[in-house]
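In what follows, chain A forms one complex with chain B and a second complex with chain C.
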Partner chain A sequence: MTAATEQGAKRGGGVSWPVLLVGLAIVSPLLWILASGIGKDPHDIASPLIDKPAPAFALRTVEGDREVTLDSLRGKPVVLNFFSTWCVPCEQEHPALLAASRAFGDRAAFVGIVFEDTRDAVTRWLDRHGGRGYPVLIDVGGPAAIAYGVYGVPETFIIDGGGTIRQKFKGAVDFGTIRAALEEVR
Partner chain B sequence: MRSRIVAALGALACVAALVGTAAAQRRGEPVRGADELALGPDVPVVVGAPAGPPVTGQALEERSWALDLGIRCPVCQGQAIAESPAESAKHMKRQVRAMVAAGYSDDQVMSYLEHSYGEFIRLRPRAEGLNLLVWALPLTALALGTLIAVVVMRRRGRLTPPAPGAAAATATRPPAVDPALAPWLAQVRRETEGDDAPHNGR
Partner chain C sequence: MTHALLGRILVFLALSAAASGAVVALAGGRAPSDGRTRLGRALAAAFAWSTILAAATMIIALLEHDFSVKYVAQVGSRETPTVITIVSLWSSLEGSILFWAAVLGLYTLGWLRASRDLAHEDPRADSTLGVILAVGAFFTLLIASVANPFLDTPPPVPMNGPGPNPLLQNHPLMIIHPPMLYLGYVGMTVPFAMAVAALLGGRVGPDWTRSLRRWMLIPWAFLTAGILLGGRWAYDVLGWGGYWGWDPVENASFLPWLSATTFIHASMLEERRGLFRGWAMVLVLVTFALTVLGTFMTRSGVFNSVHSFTQSPIGPLFLGFLALVVMGSVVLLSARVHALAPGQPLRSPLSREGAFIVNNLLFVVFTFAVLLGTTYPLLAEALRGTKVSVGGPFFSDFAVPLGIAITFLMGIGPALPWGRATFADVGRALAVPAAGGVLTAVAFYAAGIDHAATLLALAGAGFAIVVALRDMGAPVLARRRSRGEGLGTALVGTLRRTRRRVGGQLVHVGVALAIGAIAISSTYQVQAEGVLRPGQALDIGRYHLMLEGTRNVRDPHRQRQIADFTIYDGAEKVGVLSPAMNRYATAMNPIGTPDVRSTADHDLYVSLMHIDRGEVGLRAFINPGVSWVWIGGAVMLLGALVAMWPARRRAPTPVAAEAPAAAGGGA
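Right, the complex of A and B next:
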């Protein structure tokens, strides 16, 4: 390449700074919005029900022998656990929930609500995993899951004695978490 | 003959996979009879009484479907409950249909679901607050991009064709040279004219 064509190449490769700046002004906020979401679970959203009255429910037990309503549990805190037999974290947290119900059952009500599962499967599962320490209700058609805004199991709600939802835990809970949550609503 | 057998077996395998997938999605107790249109017990508490009369028939199906297309499946990735085979989506479709059948308005149905799940349940965000960016930015970018393209192309003279008289006049004289490029052009002409001359010994 001769010296003249080198000069020409340098002059002809110029950048339009106004266009570049306008483009950056438009793209930068979009990149910031995209970057702020990286690594976040889009389903990990704060529940809009916190500090709101817990939705009412009237569900039958898995055994079918009686109906349990939220109203019947009023007066003491409620640990409401949505779970399924096909959910691995549910299996992991079940011993902790059983232990907590034995430790704190005098001052809090523990209730399990089955999410998208059958009576037979739940009955077999409970028999394999330590039995029933508290009422387990079957949510046929999912009205309770919809009312509580359940995105997936396990999800555990802590309801105070006045019927207000105070906390929601997504994922498996342990004994310490339940104890701390009940201490807060005492 | 062999290819027909293979094709038939392949089709059978596809049907079996579809049926198996559908069966795997049915995880809960089946909902029957009156339960199909049973409202959640907290619906009247959250959104009050139905805004209109009960709806049946084609109107029920059309309104329910239209709502289902705008509600996000809570266990899926960006799918509407209308398109999702998930059990949760089916439960929500049933609840939507029950509310529409009872006479609840579209706003009441969406408000009820938003009360439980938050604004995330809407596939089409409300056009207010920060959500306005979602609606305004694409249109603004398109308008701005079009404007920039028009301005740039006009500067290069491609959008404004020369008048017929001007075309004839410019055809008889050489095109104007950018003064900044004139020295470079002169250098190129000298070098190329020098290249056309025969080289010694070649």
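Right, the complex of A and C next:
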């Protein structure tokens, strides 16, 4: 292409400046716009909820034995994880969440909320994937998922002791991510 | 030899042949010699066969489940059906670029064959080949460097793989939609190369323009098919009841289609009147740039879309290539456009030329607006740091008026004579079609359509169809009268002589049908939602959807949850619809399969939202007229086929293989 271009310029009489200037005026901004998008993830939309009060919820656990509300967890940071049994990344991150809840359970509350799934499936899934180290809540009809703007599972929210959402993670989280996030909100 | 090693050798061969062939052929275009032409063509053939064999090697590796090849380990799976295994070739980034190169290889062979008589006479043929090979060198360089599918899997070699992207497995259209688009995109390389060659050589001429248009029509037809199939796929899979959502990647395929359509019309002006010679070349260059932009959109991860592959280092490389193409084109144009002999001036705006110019103007505005809407989110983020999304309403705001104007113009243009017309001529030529348009609108109004823009679009479609039918039919009747032939003989004889015009007018009929259908379906959709248990029913329009029950079906590669609905039209049972939710091992979210009951009048479309312990959430739509979008599309493709069909008993020189059009000619 460049070779061809130079060759053309050499053989032609002169350059048509209007064509060159108009052409460059059209293509340069376009290229600049496209270049500005490189390296950014279009899916990575910062949640509008960050630094806003976390929406309250009151949901029953999978076992059905008690109700957990966000208010009852005030005072400690909360790691709120939306997941499903039918999602592969959820399976991948589950051991990391269990490990983190064992390591940081004294200074942070861990809560799972089931997204679009059934009680039986969740019970079986938890038994198969290392049990439950923290309360897992059933979100019947999905009001919590809607309030938190859950787009796809897994999504994990870090809420500080004052009830403000500090961070949101899309996709599987690992132990290091949770540790770093909790250190930040402390 | 392992598949991986063989593949790497073939890719390397293709790269060296393309790079050296580009240099030789471009040199041959500048300083023609038999030796350069022969060597250039030999290297081009080597490039073409290497890429085709490389793709074949990958298909064999996929079929043999050779997981020692990295790409196979990435997208292969023993459970995947054989057909899906073959099309896994383009299910992921690396494979799709390999497939891309192989398609360019096929086009290269096509060009070699078509230009075999011309190559030693016209240096532009060498330059064309040089540019094609330069593009080929870029793609093979990508394969050899950052997107090599033939790398070895690091040990241990797995026994099985995850299988391709579930979207690919979910619907049979995914087997043909991507290759159609690729054939369209990649095929634009040939007209681009021909335009660059014409500018380099400082010469266009009617023969070169005709040949260029033919080479443009081929990818245009594939692109048309690809866009239609994509729309059909979205309709059948995505479950929101529509076929077009102005998604960035849909726009990416629509943009070059618009500019290619503009060129096809501009080239007729150029060919017939020598008008706007440089402009037609600009449109070819723009079309190719838009196909590269489209590839960038799908491969760079910069745009948010259902189609995009994940982020990869390929984005910046594509951007560099795009920059090279557009900057090179601008420089080349500015240096050479005055070398193209100026054409005659426009004699009167009231003429077919005038209509073509307005047509070009409308299409260019359309293209610009779509481009603006597509790139605006990036612009907003770059300037203001905010995420915005540009939705359907923005696009509809300009697409509706422009679409209606283009529909009317589609009728006005072919009805006007070349050169100069008086108002009396225009009145006579348009009276009958105008009556047809009014009648169409009245008929639909009587049938209950009262939305103004929809009626206007229908009137335009009726008007354009009458013009097209008259334009196709009049020569047949004239021939029958003058020669006293039977209707059949006259039809065949005329078709043989006016193939291009008939093809063009058939495309117009198809477009008019599709536009009418789009106008109706986008304004008269009926929607209903509900959550049902077995035995319960949802009412939509005159239909009554009774949920009979749900069932689970386990396929090797997925699990399907199906809900069965009995459909009553009033009290009469008319059929069963069974939409499903499919869960794939590799997918985070389930993928739905809506079910549709199509009639000529409307579609009943049922899509599951969720399905869960016997409870089914569903959305149902009545989409009027949708069948006619596909019928119109099929007519467009038929028209393209008629226009492209090789003329019989013509000189074998491919560059002049087009029969001179008897008179006028749409397309």
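One rule holds for everything that comes next: the second predicted complex is superposed on the first by the 142 of 186 C-alpha atoms of A that agree within 3 Å, B and C clash if a C-alpha of one lies under 4 Å from a C-alpha of the other, contacts with A are read in each partner's own complex, and residues count from 1 in each chain.
One rule holds for everything that comes next: contacts are C-beta pairs under 8 Å (C-beta built on N, C-alpha and C of every residue); 3 or more make two chains touch, one makes a residue touch a chain.
Being a predicted model, the structure only gives us computed values, none of them experimental.
Student: Go through the superposed model and pick first if A:L24 touches only chain B, second if only chain C, both, or neither.
Tutor: A:L24 sits against chain C, while chain B stays out of touch.
Student: Does the superposition put A:P89 against chain B (first), chain C (second), both, or neither?
Tutor: Only chain C; A:P89 stays clear of chain B.
Student: Quick one: is A:S36 in contact with chain B, with chain C, with both, or with neither? Answer first, second, both or neither.
Tutor: second
Student: Which partner does A:V140 reach: the first (chain B), the second (chain C), both, or neither?
Tutor: first
Student: Looking at the overlay, what does A:L49 touch: chain B (first), chain C (second), both, or neither?
Tutor: first
Student: Please work out whether A:G152 is in contact with chain B alone, chain C alone, both, or neither, and reply first, second, both or neither.
Tutor: Touch partners of A:G152: chain B and chain C.
Student: Applying the document's definition of touch, where does A:G130 land relative to chain B and chain C: first, second, both, or neither?
Tutor: neither
Student: So, does A:V15 touch the first partner chain B, the second partner chain C, both, or neither?
Tutor: A:V15: touches chain C, not chain B.
Student: On chain A, what residues does chain B touch that chain C touches as well?
Tutor: On chain A, the overlap between the chain B and chain C contacts is residues 2, 4-5, 7-8, 11, 19, 30, 42-43, 45-46, 86, 116, 118, 152.
Student: For chain C, which residues count as touching chain A in their complex?
Tutor: It is residues 22-23, 26, 30, 127, 130-131, 134, 196, 199-200, 202, 293, 296, 300-304, 308, 311, 315-316, 319, 322-339, 371, 375, 377-379, 381-382, 387, 583, 585-590, 610, 612-613 of chain C that touch chain A.
Student: Spell out the part of chain A that touches chain C in their complex, as residue ranges.
Tutor: My answer: residues 1-5, 7-9, 11-17, 19-20, 23-24, 27, 30-43, 45-46, 86-89, 116, 118, 152-153.
Student: Along chain A, where are the residues that touch chain B in the complex?
Tutor: Spelled out, the residues of chain A in touch with chain B are 2, 4-5, 7-8, 11, 19, 22, 26, 30, 42-43, 45-49, 53, 55-58, 84, 86, 115-119, 138-152.
Student: Would you mind writing out the residues of chain B in touch with chain A in their complex?
Tutor: 27-29, 31, 35, 38-42, 45-46, 74-75, 87-88, 91-92, 94-95, 113-118, 120, 137, 141, 144, 148, 152, 180-181, 184, 187-188, 191
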